[in-house]
Every structure is written in structure tokens, then in C-alpha cells.
Amino acid sequence: MRVSLGELAVRFGCELRGDPDTPVERVATLANAAPGTLSFLANPRYRPQLNATRAAAVVLTAAAAENCPVAVLVCENPYATYARIATLLHPPAPLEPGTHPSALIAPSAHVDPSAQVGPYCVIGEQVSIGPRCRLGAHCLLGPGVRLDADVQLIARVTLGSGVSVGERGIVQPGVVIGADGFGFAPEGGRWLKVPQVGTVRIGADVEIGANTTIDRGAIDDTVIEEGVKLDNLIQIAHNVRIGAHTAIAGCTGVSGSTTIGRRCMIGGSAGFAGHISVADDVVVTGMSMITHSIERAGVYSSGIPFEEAHTWRRLVARFKRIGLLEGRVRQLERAAGIKPEQQDEADD
Amino acid sequence: MRVSLGELAVRFGCELRGDPDTPVERVATLANAAPGTLSFLANPRYRPQLNATRAAAVVLTAAAAENCPVAVLVCENPYATYARIATLLHPPAPLEPGTHPSALIAPSAHVDPSAQVGPYCVIGEQVSIGPRCRLGAHCLLGPGVRLDADVQLIARVTLGSGVSVGERGIVQPGVVIGADGFGFAPEGGRWLKVPQVGTVRIGADVEIGANTTIDRGAIDDTVIEEGVKLDNLIQIAHNVRIGAHTAIAGCTGVSGSTTIGRRCMIGGSAGFAGHISVADDVVVTGMSMITHSIERAGVYSSGIPFEEAHTWRRLVARFKRIGLLEGRVRQLERAAGIKPEQQDEADD
Amino acid sequence: MRVSLGELAVRFGCELRGDPDTPVERVATLANAAPGTLSFLANPRYRPQLNATRAAAVVLTAAAAENCPVAVLVCENPYATYARIATLLHPPAPLEPGTHPSALIAPSAHVDPSAQVGPYCVIGEQVSIGPRCRLGAHCLLGPGVRLDADVQLIARVTLGSGVSVGERGIVQPGVVIGADGFGFAPEGGRWLKVPQVGTVRIGADVEIGANTTIDRGAIDDTVIEEGVKLDNLIQIAHNVRIGAHTAIAGCTGVSGSTTIGRRCMIGGSAGFAGHISVADDVVVTGMSMITHSIERAGVYSSGIPFEEAHTWRRLVARFKRIGLLEGRVRQLERAAGIKPEQQDEADD
């Protein structure tokens, strides 16, 4: 799509520094921009690329706009404004209402006539598919699934019985929502399956990344509140609740019955124990192990940055004899007649 | 389904404290129970909810049954008894024997007439599907796959050539069993693919969680013994053997040719090196790194619980200069003429 | 397939020590070999099994061939030679050119007549499928996908719009390439989706393991260079670049815009921060956390091997009061009038 900078400035409320008639057709990174492209700068790491960019225009804050060699669209939140412009320049394929003849729709299912259902989808009894939903190929919807308006199942999404997805939800390929949770009762050295009779309720504006899994509740439901963003290959166990607008990066696992608050940001490959509660506005850095509840907003960590393997092995060896080191200090204290002060650690 | 407490007590061998004519229809959590529901208490964490529950009845041990405000079904293992009652109250959809017309069955495959094969399944040559198996939509079975009686492939399960699944196995959606293992021979700075000619043998009563992967053996087979329970998003590499009745939580990876014993319990996001052996009855806590063989039953760990990020960064910094700290202690010892006692660490 | 040792020696350039007329039909491990099988020894761990093997012949280096009780094929790289012989003895099923009648091919797609397209595949507009490609059942190719010659999509592979796969690529089941990256702009406490307009380019001779995900680029493309081998359940975020001939083990996650060099070897369950750069020829051991760029070839680690849980808990407790220990040492130094030497750590 081809739009002039003047039109973009008006439509997205930016101050334009440059020729309003200059057209842009697509987005580009600062480094690889060509004439006719629009770029943006949000991460200061890429600031040096601004000077050499060949973009037709760049979306920037007023502070960053000084000395920009090309046209600028000035705004307060360049990344968000960029996102809106990119959506305009690169619109999704138009919706093609209707059901592919190879899709199997149970008699009692209701598919809104404005929705699109792709090839080889299998739609169970009592399913309800709302207006303008878009189901790519190979989606499986168990009985009683409900999709609110404008939900997109990109392709090959599996939704177990009773799962509901709120308005404007986006589910990437390979996602499995509503498989049985990991519930087994020990009995005589064996595991007895515990029926998983809850389901999964997903709020509006949730996006779920490829091959992520969200298990159905054991009794009550697993709940993903509105605005949550889940990356790829995340495991959400039964009866977890993820608070609104929380974002979780890839490969993280959340164990059963754990509640994560609203507006949290969780790094990749983190792990949460079960039956704990994490407050609102908590940030967990990547690869952290969250073993107990977090009561207060803040940033929490337990990952250790790497070292060269040789150095690392010696650090680990010393760590493992840290008890001996304590003993040696105790011995020195006794010999010197010193009683440890239990002093504050603040004097780093 | 509607059953009286009296009937439940008789059928599951419980002592009933309450009116045998009271009906229950479904299960509920203690907190969200309504009249007509049955609940249970197994995790002491939820004990306080018992007093206020509105359940018609609760499954409890004799010890926990004192002062329960509602009817009680007393038994030794409330969680297991609950599981059985829940299965009675919430029976699975009845099996509908037969093959969906859209399923593609190779001529030499044998599907027991009592089995159910869902839409768009693709069943290869020489496959054998036993009595009362249930294959949901979109399952792919390569040549020579064998399913014993009563296996359930919930939907969208991929079984590579030769894979066998024992009686009563349950495989959740997105699972891939029998993909090629990660076998490559280095040669001149490149990787040469090593054919993976083994397969995967899965015992009876195994359950496998959504999007978990189990690779075929390089030469001999990968083996999952009877009663094993695997959670979601687990990676089992080629030639691994998992012993009977072992349970593994989500996001854990087991590298090639490693053997895990019987009745082990493995936490989430753990990692096992290749070519090692873990004894029977081993417990590994979440996010532990198992780098060498474990010879004896016991509990093993290497995950570090989180701290506030500020505290954590200082801990890591101190950890990384632990060698300097050792040096300072050595210097003090020399100055004081003290030889370290190498004392026992037990005096915590 | 049945081949004589003499023929194998000639074909693969080995020195034969044994009867050239001895036939072999399949491969076997040293431990489970039977007459008519060929085995190999590459990992010294399995050396003791050589003496008792019942294999007809074993592929070995000259050094290892001394005293071998059975026939030997001597070569420099036994694992690579074994791989080639195994491919000869266990050839893949022959290609059956043509498109299954249930596959849906968009009118503008081009499928080479020598390619095989399996049941229920859905092939989008402008797709190009090269000579001798093999697509198993249930593959989904979005618009504009390009497969070069001899690509194998084993089954149930999802390729988003514009994804390209180089010659001889192998993609295992459940893989999702070209789902949207995890790109959201924060705005007023919510997340605004940032369109992901790049795609994924995959070089020649790449293999990708089951249920691995590779996201499309946000603007520029995500790139997997030639010869890369990815294990199962790996997450590759948007705009990552993996250098040629790098191998990554299962459950590892690579965050957005990170570049990994050529010929790297990455262990399982490792995690890479975003926007960093890793040099060529880097080895990262399993479960390491790579938080910043690595400039030089070498081996890097941050995983801590396990201990018995009781020991581990005490180690962690001591680690968490390491600041107190430093304070006590400082106090002793002050009392003794000693200034720490900041001595080198080399005297382990």
C-alpha cells in the first residue's frame, strides 16, 4: 500500500518534519531501508544506524529527531505508532467469509456467516464461531468451543471441549488449548488418572505463540485474562490464572494452580512452581526459578550469566566447598577471639 | 450423571457420614462447590476451605473428617477415590466404533471393528489398531504402527513408522512419537545425517502430554515402560529408556541414550545429559541439571530459588569473586599461622 | 538390503579385515548385534562391548581395530562411514511422484512433477515445490513458500507465507516455521501487536526437529544458514540468524535479533538473550544462560551440576549469605591489620 507522509502524519497524529508528498509503501529496518520505506527507532542500541539510513522517513520521538538526515514523523511512542503504520502498509489478507467444503461442521455448531473456516477444519457439536473469525486450515475445535468476534486461529490450532477465546484473540499454529492437565493420584506405586473436567477460558485480545500448550482445569477452569501475550513453546498447566496484560516469553513453564498477576513481564525459559501466587507488575528475568509466592511488585531473578567453561568449573567447585570456607573463617574468628558482627551487606 | 452418596460409599468402599440419599451430579473444588457437587481434600494447603464449603459431600481421610460441616465419604486415599468418583460422574463420550469416511486407511492396515478412527486420519500400511481404540481427528500413523487395546490418541497425534503403544495409552494432541533422533556425524566441518533405524516402544498405561516429542532410536529402540506419565512439551531423545511408573513434569529434556529408573518423579524444566543412568525411586526437583549418573534413590536438586534482582545481582557478583575470598582467607590463615581443620560441614 | 563386506569396503574406501563374502543386511548396536549385522564403535564408552559383540563386522579406526574379535572395516571416521553404510542398508521409502487427490493445491502454485505431495496437504498461492521434494501428510504451506530440490517435510509441517527451505532440507513433524514473532509495543498498560512482515529463509542441508518453532522476522527475515541442525522443541525468535553448520540441542531458546555464529555447538535447554552476537566456533554447554555477546571461540557454561537435595539446600543457603561471609573476612583482615593481596586465583 502506498501512503504519503502527510497522510500518515494526519492519521496518526504525528508532527511531520519533511515533504508531506513523499510516498512510503512498506516498512524497513534502519539498516536495510531503501527509498519508499518507512523505519523507526525505539531501541537506542540502533541509534548509530539512523545517520546512514536510506529510509524515506523515520518515526521518532522529538528528542531523537534532532539531526535526523531524512524526513521524520515525530510522536511520543514511536514503536506503537510504527506498529499502526505497519498495519496500514501491510494489511492482512482480506477475510473471505464462508466455510471450505472440506471443513466438517457438526450439525449443532453455529458459524457466523461472516466468519471464514479453512480446509480440513473439524468443528464439534455446539461450537459457536463469532463474526469475522478466521480459522486457517486444519483447526480442530472440540464440542462446545466458543470463539468470540474477530478471533484468528492462524492454522492447525487444537481447542479441546468447552474452550472459549475472547474477541480479537490470535492463536498461532500448533497451539493446543484444553488438553488434559497432568493430574494423577498415586496409589500402590502406580498413577491413577484424575479426570480433568474444567476447561480453559481466554479473555479478549490474547495472543498465543506457536506450539504453546494450555491445559484444561482439573475441576475449575484455567484462565488467561484479557490482553495476555504468550510466546512460543510455553507450558501453562491446569488451573493456572494469568492476569491481564501479562507477557511471557518462550519456553517458560507455569505449574498447576499458580496465579500470575496483571501486567507482569516474564522472561524466557523461566519456571514457576505450582500453587503459588505472583503479584501484579512483577518482572521475572529469563531462566529464573520461582519457587514461592511473590507478594510485591519488583524485578526478580535467579539465572546466572555464563563464564568461560574453565572459569565456570572452578567457580562451581569453589561454590560446592563454600561450607569449608565458612568453617575456615569460623576457625580464624575463634583464634582471633572475634565474634562476627553480622554486619549489613550494603557496603559493597 | 446423578448418584447418591450411599451408592458411592458402597461402590468405592468408603464410610459414609451423612444422608445416603443425598445425590451428587458433578465434582467441584471446595471453594467453588454448590449443592449437588462432590469435593475432596488431599492437599493440606486447602484445609481452611473445608469449613466454608457448600459441597454436598467431601472425600476425606478419617483424620481430616472431624468437624467437617457437610457429609463425608471417608477413605484411606481421598485423591484416588475422588479420581474414581469423578470418572463415574463425568464419563468420557461414548465410543463410536467405525472409521470416518474421510480417514485414509492403507489396504494392509488392520483396524479392529470396535475402534473409532476420526476424520482426516491417515493410517499407513501394516498398521494394527486394537479393540476399542479411539483416534481423534487428524492422527497420522506411519507404516507398521501398532496400537494395543483401548489406546486413545486424543487428536492430531503423529506416530512414525513402527511405533507401538501399549494398552490404555493416552496421547494428547500435538505429540510426535518416532521422529528422527538428533544423530549427525561430524565430517570435514559439516554434519552427516545418521539414519535413525530404531523405533519407539511404549508400554501399557502410559500418558503423554500435549506437544511432547519422543524420538525414534538410532539403532535400538527408545523405550517408555508401562505406567509412565509425561507432561507437556517434554523432549525424549533417541534411545532413552524411562522406567515404569516414572512421572516427568513439563518442559524437561532427556538427552540421548540416558536411562531413567522406575518410579522416579522428575520436576519441570529439568535437563538430563546423555548416556547416563538414573536409579529407581529418584526424585529430581524442578530445573535441576543432571550431568552424571545417579546410583541411589534419593532427592536431587540444582535449581536456585529467586531473589529480588538487586540482591541477586550482588550475590552473583560475590559468587564470581569467590576465588578471591578463598585467597583472602588463605592469607589470613598464613598470617595467623593456622592450618585449616578441613572440618565437617555438619555444624550449620 | 544385503551387501557383502567386500562391496562395502570398495564402495566406502575402507580397509577390510575379514572375509569379503560375508553379507550384512542391517545395522546393530555392539551389544545387541546378531549375525548378519554391521556395527560401529565411535564413543569409547562402548569399547568394552566390542569384545563380546556378535556383529558380522564392525566399522573402526585402525587404532581401535586391534584385537577385534570379528571382521573389521577400517577407516578414519567410523561414525561417518557407518552413517553412509546405514543409509545404504536402510534406504528411505522410494519417492512416489505425484499429488494425493486430497491435497489442495492453489492454482498459482507450482509443484514439480517429480515431487510427492501427501494427503490433506494445503498448498497456498504462488508456492514453488522443487524437484523430488517429499511432503508427508498434513503439511500446510502458506502463500509464496519455496522449497528447493529434494526437501523433505516429513509430515504435519507448517510453513507460513514466504518461507523458503534450501535443498535437501529435512523438517520433522510438528515444526512451525514463519509464525508471527513476539512483537508488541507497550502503550498505556496494554500491548499493541507489531505486524511481523519479514519471513524465514533456511539454507541448504538444514534439519529441523519435531515441534521446533522458528518465527518470521519483524521486518527483515529470520535466517538459518546452510547445514544447521536443530533438535526438537527449540524456539528461534524473530530476526535470529544461525550461522552455517551450527548444531543446537533440544529445548533451547534463542531470543529475538540474536546472531549465533558458524560451526557452534549449543547444548540442550540453553537460553540466549536477545540482540546479542555469538562468535563462530563457540560451544555452549547445556542449560547455560547466555546474557551477553561472546566475542571469541571457546567453551562457555553456566549450569550447575546437581547434588543431593539436602546438601544442595545447605549450599544454596550458604550462597545466599555469601555477603556475610565476605564481611566476616573483612573484619578479620581489619583486626589482623592485613590488606587483601587481590591475589591471583590460579593457585587452585
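The letters A, B and C name the chains in turn, as written, and every chain counts its residues from 1.
In this text, a residue touches a chain if its C-beta (ideal position, glycine included) is under 8 Å from a C-beta of that chain, and two chains touch if they have at least 3 such contacts.
Computed from a predicted model, the values in this text were never measured in an experiment.
Taken over every residue number at the interface, the positions common to subunit A and subunit C amount to under half, indicating a different-residue contact. Fitting subunit B to subunit C on CA positions gives a rotation angle of 120°, reported to the nearest 5. Work out the mean CA point of subunit A and of subunit C, and you get 25 Å between them. Among the residues of subunit B, those touching two or more other chains are numbered 120, 138, 156, 174, 211, 233, 251, 269, 304-305, 307, 314, 319, 322-323, 325-326, 329, 332, 336, 345. Across the complex, subunit C meets subunit B through its residues 26-29, 32, 42-43, 45, 77, 79-80, 82-84, 86-87, 90, 102, 118-120, 136-138, 154-156, 170, 172-174, 205, 207, 209-211, 227, 229, 231-233, 245, 247, 249-251, 263, 268-269, 286-287, 303-310, 312-314, 316-317, 319-320, 322-323, 325-326, 329, 332-333, 336, 338, 340-345, 347.
Across the interface of their complex, subunit A is touched by residues 104, 120, 122, 138, 140, 156, 158, 160, 174, 176, 179-180, 182, 184-187, 189-195, 197, 211, 213, 215, 219-220, 233, 235, 237, 251, 253, 255, 269, 271, 273, 275, 283-285, 288-292, 298-302, 304-305, 307, 314-315, 318-319, 322-325, 327-329, 331-332, 335-336, 345, 348 of subunit C.
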